[in-house]
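Please find the structures below.
Next, two complexes with subunit A in common: one pairs it with subunit B, the other with subunit C.
And then the complex of A and B:
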C-alpha cells in the first residue's frame, strides 16, 4: 500500500519581525525550521504540538497559502508549485475557526458551490446536484441551502466547511484543528464524520491538533512538533505506548488520567517555551529537558530510528545512544 | 429586508428622508415645476418682497427666487452625486486592491491618496477650475478626485482586517482570481461602511459645489445655483435679508438631512457602534 502522496523535505519558513521603522535589528520567527515528512496515500497523518510551534504555518506553507523560504514539497512526486490548476484543486483545507471560514454574506449553497464556480465549466443544474449531494454526505438538511452562516451553530458550520472542502473530488485534505473551536459533545460527531468520509472517498488527511486525545483517535501516524521542528514521528499506537522523546513523554503525561492509564511517570516541565525568534542552538528542547546534557545545548540531534517506523530527534535515544 | 425595516424604524432616517425625498424630486423634475423662466429679467420688479406671484420675492434682476432655487438644485446635486459615485467606485477598488496586495504597489496607492488628502479641498478645486475652466463636467471630476481618498482609506483598512481571514484563504486555496476575491468575497463584507461614507460625502460635495459657486467658480451665470445665489445676495444683506435667507435655509436643510441620513445608516448598518444622539 505505502505509496507517498506528499513528501516534504527540509522545509523552512521564517517570518520577519520588525521592531520599528528606525531600529536596525531585524529578527525572524523560525515558524517552520527544516521539517521533513512523508504522508502516504489513504492515511491520516496527525500533527501535534503546543500553540505557536508552527503547526498551522506548516500546513499553510504546504498548501501554498504562504510562500516557503526553502525546501521541497512534492505531491505525487511533483513540486506543488508546478501542479496544474485542476491538480492543485485536489489539495484542500478544513479550517480551525468555523466562524471565520465561511463568508458571512453568502448563502450555504453559494459557499459550497464556490469551488465549482471557480473551476468553471459546470452548468447550474450540475452544480445544484453536486451541492445537494455534498450536503447529504456531511449530514446537512437540504433545506439549509438558502440560509446564511450566522444562522448555524459551530458544529453545523464546520459541516458546511467540510462540504466545501469535499467539493470537486479532492484527494488530500489538511484539517487544521477542525474541532478545537467546538463543544466537546460536537467534537466526536465531526471526527466521526471526517473518518467516515475518509473511508468512503479514500481521502488522505493531515490532521493538526493540540489535543492528544483527538489526534490519537483519528490518526494512523503522528508527528510531534516543537518550535518549528518535528521531533518525533511514529505509528499512533507506538507513540502512546512508548514515547521516545522527552518532550513527547511530558506531553503525554499531561493528558488527564494518563499517569494512571498509560502507566507513565508524570514529567513536569520547567519554564516557558523559548521564543521562536531566538531558538536555542542544539536541541530545541534542551532548555526544558529534564535529561539535558552538555552536547544537547550545542549539537542539533538528527532523527534516529527507535523502533519500526518510529523516529525521534534526541541524543539520548535510539541506536547510537549509550 | 431586515435593513429596510430597521431604517424605517429609525427616527433620524425618517426625518432626513422627509426632507431629502422632496429635494431629490425637485432636483429631478424641477424644470416642470416652475411657473416663471428663472433667467427672465424684469427691471421693474427687482428685489421684491414675497407675494402671491413670487412666493420668495425677486432678486436684483427681478427674477423669481423660488424658481431659481428649484432649478439651481439640479447642478448642485449632479456635481455632488456624480462626483461621489466616481469617488466611491474608484476609491473602493483602489482601497481593496491596496489592502489586499499590500506590497510596494499597495503602498504607492496609499501614499498618492495621502498626498491628495493633504490639499485643502477648496484650493484644489480652484486650481482645477482655474486651469480647465468651470463647468459641470470638470466639477464632477474634481469632486470625484477629492473624495476618492475617503473611500480608499475606508476600503483599505477594512480589507486589511479581512485579507487573512479564513474564508479569504479558502478562496485563495481554490485558485480564485484576485478580482473574484476582491469583488465577490471582500466587497460585500465592507460595503456597509462605504454606504455610510457615501451619504456623508454627498453632503461635503454639496457644500464644496456651493462654495465654488459662491466664489464664482461653479455654475456659470446666468444659470442659477444655490451657492451663487448666496454670493449674489451678499450685496443686499442689509437692505433685503430674505434674498439671502432662502438659499441659505435650503442649503442648511439639505446638508443637515444628508448628514442625518449618514448617521442613521451608520446606526443601522454598523450595529457595533452604539447609538448616540
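And then the complex of A and C:
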C-alpha cells in the first residue's frame, strides 16, 4: 500500500482553563484526546461533529497553528515540525468566517500575493501573473484585484480566501467549515468550486463541517468526532448506509428529513454534550447513549473494524460484540 | 365566516432615509390559523425577518410599514400605538429569536426574566408567577427547573437558552408564536430536540406558529404551508406536499437542487449563479431575473403577479404561470 499523505498518531491537545480570576490554572479542556487518522493523497477526508467536539482544534494542531501536547503528525512520513519552509507552504487552510479571515486594509491582489512575497524570489510580474491566474481559477473577475474585502459578499470573500490558499501550489488544504457562513445558493457555488479545483490540481482536502449533507457530498471518507475523540471512520457511503456507533446514528437521524431519506428510526438524544473539561470516564458517549451498559461507563472502547474500511469505537459493535 | 388567527394582506415594509425609500418586503400576504405551522423560507436579504418584525411592531427606527394590513383575530395591528401593541406582544403573539444566548439578558436570572413577562401580562402574585415559571421550565424539558430558575443565561448552553426562550414565549398562553431561525445557531441533535418541542407545544396549546428559516429541510419536517421569499417578494406559496412534489418557481427549483442532501448522489450541485441584489438596486421586474436561467425580456420589466396554478398553490413567475418549465439548463 502506498504511504498516506498525512498520518496522525495518538494526537493530544489540552487547553488549560482557569476557575475564577485569582485561582491558579485548574483543569484542562480535552480538545483533542488521542486522535489517530490517515489521509490518502487525492482524497477528501471529512470531519464531522457538533460544536465543541474538537474538530477545529484538531485541524489547527495538524497545521501547527496550535502546538500539540503529544502525538505524531507525519506529512509524507516526515514530522510536520521539521518540514522546510517551502514544504510547509504545501499545507494550507481555508477558514470558516470569510468576514474575519481577510485583512480589511489589504486589497484583494495583496491578500492573494502575500504568500509569494513571504516566500521571496518572485519578480513583480511573476506575482502579478500568478495572482491573476488564481483569480481566474476561483471565478473572481480580474477587475476586482484592486478592491478591498468589504466591497464583496460572503461568497466572493470565500473565493478570495480559497485563492489565497491556492497560492504557491499547495498539495494539502484544510477547509474549516468553509461554507457554514454562506447562504444555500452560494454554498453550492463554493462546494462546486472546491470540487472542481481539487480535480484540476490534484489536491487533498480535510473538510470540516457540522453539516452532514455537505460532508457527504464532498467527502470520500468521513470521521465522526465526539468530545475530542474520533468515534467512527468510514467510507462516506457506508457511514450513511450503515452507521455503526450509536452517536453517529443519533446524529444522522437528527438531520431534518433523514428518517425519510435514510430509512432509519429517529433517535432523539437527551441532554447536552458533557463538558470537555471533565469528559465521562469509559465511553465518552455513555451519558447520553440509549444502549449504554455498565462496562461503557468504566472501560473505554477501542476502535474496532465493523466493515471494510469502516471502524467504530463502541463496545456493542464489531467483531467482539455479542 | 370565522376570522383567521393572523391575516397579513399585501404588506409593504420600507426603509426610509431623507430622500428615498427602499422596500425590504413588498406584497407579502398570508394567513395563519390556530394549530397551523407556516414556514417562511428565504436566504439572507429575502425580507423574512423584517416580515416577522413588522407583525410584532418591532421594526428598526428607519423602517416602517408603508401599506397593507396585518389583522390579528380581526384586529388591525398596523398603526396601533406602542402601549396597545405592548398588551398584545408577549401576551397574544410572542417571538423567539435566532441567537438564544444573545436574546436573553445576561445580568438577570432566568427566573427573573420568565417572571417579568408573566407579571406584566397576568394578574398574579409573585409566588403564583414563580410557580408558573417553574411549570414552564418543566414543560420545555429542562431537567432541573429549580436550578435553572436561579441560573444566569451565560451558565447555560445554547440549547438550554433556547428552551428558556420558548418557556418565556409560551408563559402567557399566546395564540401565535413567531420563531425566527430558532435553531440556526444550534447543533443538529439540539435542533432536533427544539423542533420536537415546538411541535409538541403546538399540539398542546393549539397555537399557530410562523417558522422562519433558511433551511428547506427544516420546514419540510415541520410546516403545513410554506412561503418562499426572495428579495422581499413572495415567490411561491404552497402546502408542503405541493412545494416539494411540484415546485414551480425557478428559484425554489434551483434551491432544492443546490442543497447537498442525504439522498444526493455524486452529481454536481445546481449552481444558481450570482448573488442576491442589494435592496437599493432591485430589478424593476421579477427580483430573481438577474439570476434566473429562464429570464426573458418581460421578466426584467414586468413584476409577475401571484397566480394560482393548482388549488392553494401560488407562484409569482411569468413562465410558471403559463405552465412552462422547459429550458432549464444545468
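Following the convention adopted for this analysis, the second predicted complex is superposed on the first by the 314 of 322 C-alpha atoms of A that agree within 3 Å, B and C clash if a C-alpha of one lies under 4 Å from a C-alpha of the other, contacts with A are read in each partner's own complex, and residues count from 1 in each chain.
Methods note: a contact is a pair of C-beta atoms (placed from the backbone, for glycine too) under 8 Å apart; a residue touches a chain by one contact, two chains touch by 3 or more.
Source: prediction; values computed, not measured.
Superposition of the two structures on subunit A shows subunit C fitting alongside subunit B with no clash. After overlaying the two complexes on the shared chain, residue contacts for A:287 are found with neither subunit B nor subunit C. Of the two partner chains placed around the shared chain by superposition, subunit B is the only one that A:101 touches, whereas subunit C remains out of contact. Of the two partner chains, neither subunit B nor subunit C is touched by A:248. In the superposed model, A:210 makes contact with subunit C only, not with subunit B. If you count the residues of subunit A touched by subunit B and by subunit C, you find the higher number for C.
When both complexes are overlaid on chain A, the residue A:261 reaches subunit C alone and has no touch with subunit B. By the touch criterion defined above, A:185 reaches subunit C but does not reach subunit B. When the two complexes are overlaid on their common chain A, residue A:57 makes contact with neither subunit B nor subunit C. Of note, the Cα-centre angle with subunit A at its vertex and subunit B and subunit C at its ends comes out at 80 degrees, rounded to the nearest 10. Between subunit B and subunit C, the shortest distance over C-alpha atoms in the superposed arrangement works out to 16 Å. Taken together, the two complexes place no residue of subunit A in contact with both subunit B and subunit C. Within the complex formed with subunit B, the residues of subunit A that make contact are 60, 63-65, 85, 88-89, 91-93, 95-97, 100-106, 114-115, 118-119, 164.
By the touch criterion stated above, subunit C contacts subunit A in their complex at residues 43-44, 143, 157, 159-160, 187-193, 195-196, 214-218, 220-222, 254-255, 258-264, 268-273, 275-276.
Remark: subunit A residues 50-51, 153, 155-156, 183-189, 191-192, 195, 210-214, 216-218, 240, 250-258, 261-262, 266, 268-269, 271-272 touch subunit C in the complex. Interface residues of subunit B facing subunit A in the complex, by the touch rule stated above, are 165-167, 169-176, 180, 185, 188-189.
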